[in-house]
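In the two complexes below, subunit A is the common chain; its partner is subunit B in one and subunit C in the other.
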Partner chain A sequence: MVNRNLILTLLVLVLLLALALGGLGASTAASVLLSGITLGALYFLVASGVSLIFGLMDVLNFAHGSLFMLGAYAGWTIYTNPRLILNTAPLALIVIAGAAFGGIFAARFAVPRWARWLAALIAIAILVLAVRGLPVDKLVAMGATMTGKVIPTSQAEEPIGAMLVRVGIAFVAGLAASFAMSPRGRAETPSSTRRALATAVVIAAAALAILLLRDAGEQAILGMENNARFVLALGFGAATGALIGALMEWGLIRPLYARPIYQILLTLGLVFVFDQVIRLIYGPAGAFMDIPSLFAGSGNNCPSPDLFAWFSQHCDSILVLGRPFPSYRLFIIAIGVVMLVAVALILQRSRLGMIIRAGVQDSEMVEALGINVRRVFTLVFALGAGLAGLGGVVAAPFLGVYPEMAMEFLLQAFIVVVIGGLGSIPGAAVGALLVGLARAYGDNIVLAGIQLPGMTSAISGSPAIARASTVLIMAIVLLIKPTGIFGKKE
Partner chain B sequence: MLKRNWLYIALLAALIVLPYALALVAGEPLDKGVPLFGQGLMVQVFIFAVFALSYDILMGHTGILSFGHALFFGTGAYTLGILVKYGHWSILAAVGAVIAIAALESLLIGVLSLRVHGVYFAMVTLAFATVGSILVEATDFRDWTGAEDGLHGIPVPDLLNPALHRTEFYFLSLAFAVIVFLLVKRFVDSPAGRVWAAIRENEARAISIGYNTLIFKVQATIIAGVLAALAGALYALWNLSATPLTMDVSTTINALLMTIIGGSGTLIGPMLGAGVLQLLGYFLNTWLGSVWQLVFGLIYVLLVLFLPFGIVGTWRARGGSWRAAWSEQLGKWRGVLKLAKRR
Partner chain C sequence: MNNILEVDSIQTFIGQFHILEGVSLEVPESSITALLGRNGAGKTTTLKSILGLTPPREGRVVFAGKDVRGQRPYDIAALGIGYVPENRAIFRALTVEENLKIAERKKGDLARRAEMIFGLFPDLKRLIKLSGGQLSGGQQQMLAIARALVPDNRLILIDEPSEGLAPILIEQLMESIRSLSAHTTILLVEQNFRMASQLADRYYLIDDGRTVKQGAMKELVNDRATVHRYLGAA
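What follows is the complex of A and B.
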């Protein structure tokens, strides 16, 4: 069955390729092809998470595009303006530390329902108090850390004393929050208390360390070699995505497994919330991220004649059939392929992957076999969200960062999973490749214009048309095979 | 009849008296100051009440979860705007065209997307709606849609100009809302409406009884689509413009929010939800400034988590114990989401 589908897909791909090759010269065709694979790699990073999460826990995460966007913003921020993160991360961390610390005591009380509500309200009120007046706009200020536009640290940052007061208040907010969400009917054991205490102490120490070393940290990060800073950004973006994803699953999705439709409603609401948060902090306009110097070289030898020459020259582009192609996009393709292999290896070769595959088949059975499926759910959510976050950072030097990228990539990811079939990683890969190629080819046609015989001038359009037209593919797939190429029968 | 529906009739009477009451209380004429502003606010409430009501047909009565409802709202607004401004059509003819185009559009999208169920449908409709919003913002059609600025300055006869004849417009939109409410009530209570309910409760059983559920679902989609487009057309008349916001996903979220605040599947609930949302939105906006949208989103998330059956849903459940009423509602919802899950 799968083989037939594979052949079918390959046929379609070959047809598309033939079309592309037929109309264009060989070098243009090659560059369109590579552009398509580049986009496909990015789409795969988003769509694989959507697919994996749906396959395992039947949650369609509408906020996955937002995680992509959040990852991009997080990576871009640590890359260009770490000051913002160094000044706000302690507050977020200390709330978690407070919640972990308070949880030790809260678990000893049978907190009544009304008290939970009260505690939640108090926690929110204290949190508002803690962040009130924080000079976020100065911290965010575009190019705050670029030469010539530097806002002196002392002006942008709160004095350390004020920050310590804020951290103290935020800790109390965390304590209050722990009473709002203390688990009911769970026996506390000495070891779990010790673990919670250790967690709280470690996180609190990290928060304080970041706060006290914020200036040194800023210097250190900005002083880092450009490429190393980019790797840091990649890691940070992926970690941010994974953390937010895990928190989402644990705090918001988990209470709603009994009401599946509300999970979707919730994730759609989160799209809106994340969008507003980003607009509130960074403003509606987007920003560009520099391409790391490894892919930005220029000089007499550039563009590099081939891939091997590039390894010594690090040019910003490589000649492909005589036409320069940006080398950074080849890096995106490499990341996409590496992640595809990594996900496939995790799924096929690790114990976790075994549990995931079993869970996709029948999660209740897996639970009955004594495996903590809930923890695996959180882990998979974090994994999918981390992939999206990583994708965001990888995309940032190529596309920039802007709030609308959330909806844009969500749309493409949905088209990808509809084509490939929800729950299937090979489906996500093939679908992403297909949509990416279609987008690249469509962009090329739209920009160059279509001139049919008998027309005086070519009709050309904006890229928006190409973006919209990928939905056509989805419509066709829906008509022919509603479950997607690799989807199982309903 | 009068006894059973006294609440509805009292509400209607209050809304009819409202402009005059406002004028009396504020001591200003109908077309100035507070009364003028209050009527304007209420006009938006009526328009969004119809929009939310049309959404409730899908979500509450047929159990179809659509995330692309803004597409029809925007279609109505843009169709009317383009035909009246550039086609120089009369308003009435343009409204006719809105109905026809929305019916066709929803038929097409319904037939295409209703081949899939549950989350797939939500996903596919969101994709279609996003295409709509991409297209109206595309620079290619700037001459017609005004791209990201929107289409402004729709010429309307003086009689329909909301700035000149505010009270008339108030009653026009009130009448529109009431007529649509009665119409939808008729639909829901009709034999077809019972089939919708059957589909919501258990589609497999409805099929095994012998109903072609696809036809009924397409029917519900068309009715909902046309009503949403009419609301959009009225919205365009009210603003004398059609903006990309009408097609935005946030407009769909608004409809969802109204339906959830009011209580889905209750007809009057979403309309009340529209009132709550619009008025609350106005006051939050003046109070908080641009943060209000974020606050709104958070309220939505909290509602989904903690008050899933809305004002009317919970009100109606007050007879028995809340817990029992909720679990009954939950059972209802379980049938809704026929996940495309492997058997």
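What follows is the complex of A and C.
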């Protein structure tokens, strides 16, 4: 079983390698390979979450590409334009605090169905009131963000008093929302009440702190050394992804576990919602994020002759077999590898991982052991979404940020998990590598053409070849092993 | 004697189907109580209803003096109920050790009870590094029971332990379950009447989703007519 997987994987890898090396010089081949692994690392960050979530919860999350895109936007925004976050995050946080606080009371009533709907409508209406007229366009327009539309922060922001009123209204919206979401007939214990209260107070305090310190916060972030700011962006993008993922699972997917078709419709719908929200805030055009200076050095001794020299020089590229290769892409590969190892360690070594591996097979039995599987589901959703969010920020200096990246990466991630086998992390890693290599090789064909031995001139391909090649691999794998390389038999 | 569990005329639906139409039973502490009935009578659904896996719509499920009906399965189980399902539900991707460890409710549960568990099932100690998927049916059954012993469970629900096992293994299993009853209370569902009659102190007989008869096991053994009527030729 394992041997067969291994043989199949190696076979395809060798085939690709032979093809890649075929008409190419060694240095070109090396750079094509590295480009492929770079793409593979990004695909893995999205596909691993899709695979984990499907494996444990049987939910096919179409919105996972959107989480990648949201992570990219969140990381890029905190990096270049933190005032937008500092002025809007408090509103989002206070809604959550309100919902947690209201949940303490809502849980005491058996809220009838019509009242839930009413509460949901009221919550949305109050929320609209809370954000109505918020000068988002002014907050977005900033020197580093939108060229030609520079508005100083002091003029873009609303006065603190008005913001506090908005925060108060948003809190009420959260209260109303809690009645729409309150769990049916669950006994509240004193400890759960205390936990909910503590959560509400902490989140509300965080929201108020961010709001009151918004100007100092903006200066502190923009004043950071750019590598440190980039690390902040990575963390913030991952956290945003994880938070949105957790809220999605808790609020939208949880009621639909018994109805798979509805989950697909819901998550597919979210793709369009997130897409439009981003376009509404940032406009349809994309932007580029600066490469942090650690990977952007230039000078007399650049490109660095090897990896060790790079550690002292921080050049923007490193010579690989005599050909320069962007050092930032090696960083992407490193992040991909680190995350693969981290996920593997969590799955194999931690109690959470043990519960996930057991839950993939039989979540009812896990529940019967007295383990709160719902909390595990939310955690895994947050984990997968956090990986996607992190991936988005990592990709931003390489590919830029733009709304369409959601769909692009969703499609590639699905191809990856189909190749690797749904529910398998090694499968996601191998699949991502294969798809990444195929893309890179396809791109090279488009760029340089292909010349096999015996051909008089090179045949160049159209850009469609690069995209088609991944689907081709998927078709081949499906023919040989319909459940994917590491997939289990149904 | 105190009752650790009291089930009072529960009604359970699965989808459209009315499976339990009034099952009542009482399980006295430190005993083995057998739940008998023919295929499809509702024995497994009764166990699942107690745990909330198939939540009953009506009736009461009182465990250790607390009405738990309507609570989530993990909250009910965490009160101290172990479950050994019909298919054993051993986690194939986990090692034997992990299969035991996952059942811990407090850190160190397994270490505290290792001596008792491996005393009952010495074979498991030898198999500890194997994965659950590599075990034979009998070994899986032992592991499933051992898993229910890891946390501090006051009641263990065992569903059809003898199913699919060779006669010699059934003898061993009976020995284990008998010595187990020194540590905890057991509610046993068993098709094999000979096995159930040798193990249990009391019985409940259910038919078509209702409790129809109850009493001391000794009396049922001599009541040929009832056994024949509700359990078929036995």
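Heads up, the rule we're going with is that the second predicted complex is superposed on the first by the 463 of 490 C-alpha atoms of A that agree within 3 Å, B and C clash if a C-alpha of one lies under 4 Å from a C-alpha of the other, contacts with A are read in each partner's own complex, and residues count from 1 in each chain.
In this text, a residue touches a chain if its C-beta (ideal position, glycine included) is under 8 Å from a C-beta of that chain, and two chains touch if they have at least 3 such contacts.
Note that the coordinates shown come from a computational prediction; the quantities given were computed from them, not determined experimentally.
Peer 1: Which partner does A:Leu411 reach: the first (subunit B), the second (subunit C), both, or neither?
Peer 2: first
Peer 1: Identify which of subunit B and subunit C touches the larger number of residues of subunit A.
Peer 2: Between subunit B and subunit C, B touches the greater number of residues in subunit A.
Peer 1: Looking at A:Met365 after the superposition, I want to know if it touches subunit B, subunit C, both of them or none. Which is it: first, second, both, neither?
Peer 2: A:Met365 sits against subunit C, while subunit B stays out of touch.
Peer 1: Based on the superposed arrangement, let me know which partner A:Ile355 touches: subunit B (first), subunit C (second), both, or neither?
Peer 2: second
Peer 1: Quick check for you: in the superposed arrangement, does A:Leu265 touch first (subunit B), second (subunit C), both or neither?
Peer 2: first
Peer 1: Examine A:Ala468 and indicate which partner it touches, taking first as subunit B and second as subunit C; both and neither are also allowed.
Peer 2: first
Peer 1: Just to be sure I read the superposition right, which of the two partners does A:Leu129 touch: subunit B = first, subunit C = second, or both, or neither?
Peer 2: neither
Peer 1: Report, in rising order, the residues of subunit A that make contact with subunit B in one complex and with subunit C in the other.
Peer 2: Overlap of subunit B and subunit C footprints on subunit A: residues 361.
Peer 1: So in the complex, the part of subunit A that touches subunit B is made up of which residues?
Peer 2: Residue list for subunit A touching subunit B: 54, 58, 60, 62, 252, 255-256, 258-262, 264-266, 268-273, 276-277, 280, 361, 407, 410-411, 414-415, 417-418, 422, 461-462, 464-465, 467-468, 471, 474-475, 478-479, 482-483, 487-488, 490.
Peer 1: If you look only at subunit A, which of its residues touch subunit C in the complex?
Peer 2: 185-187, 351, 354-355, 357-358, 360-362, 364-374
Peer 1: Residue numbers of subunit C touching subunit A in their complex, please.
Peer 2: The contact residues of subunit C facing subunit A are 51, 53, 70-75, 77-78, 83, 85, 89, 91-94, 98, 101-103, 105, 147, 151.
Peer 1: Please output the residues of subunit B touching subunit A within their complex, sorted ascending.
Peer 2: Residues 65, 67, 112-113, 115-117, 119-120, 122-124, 126-128, 130-131, 134-135, 137-140, 249-250, 253, 256, 260, 290-291, 293-294, 296-298, 300-301, 304-305, 308, 330, 333, 336-337, 339-342.
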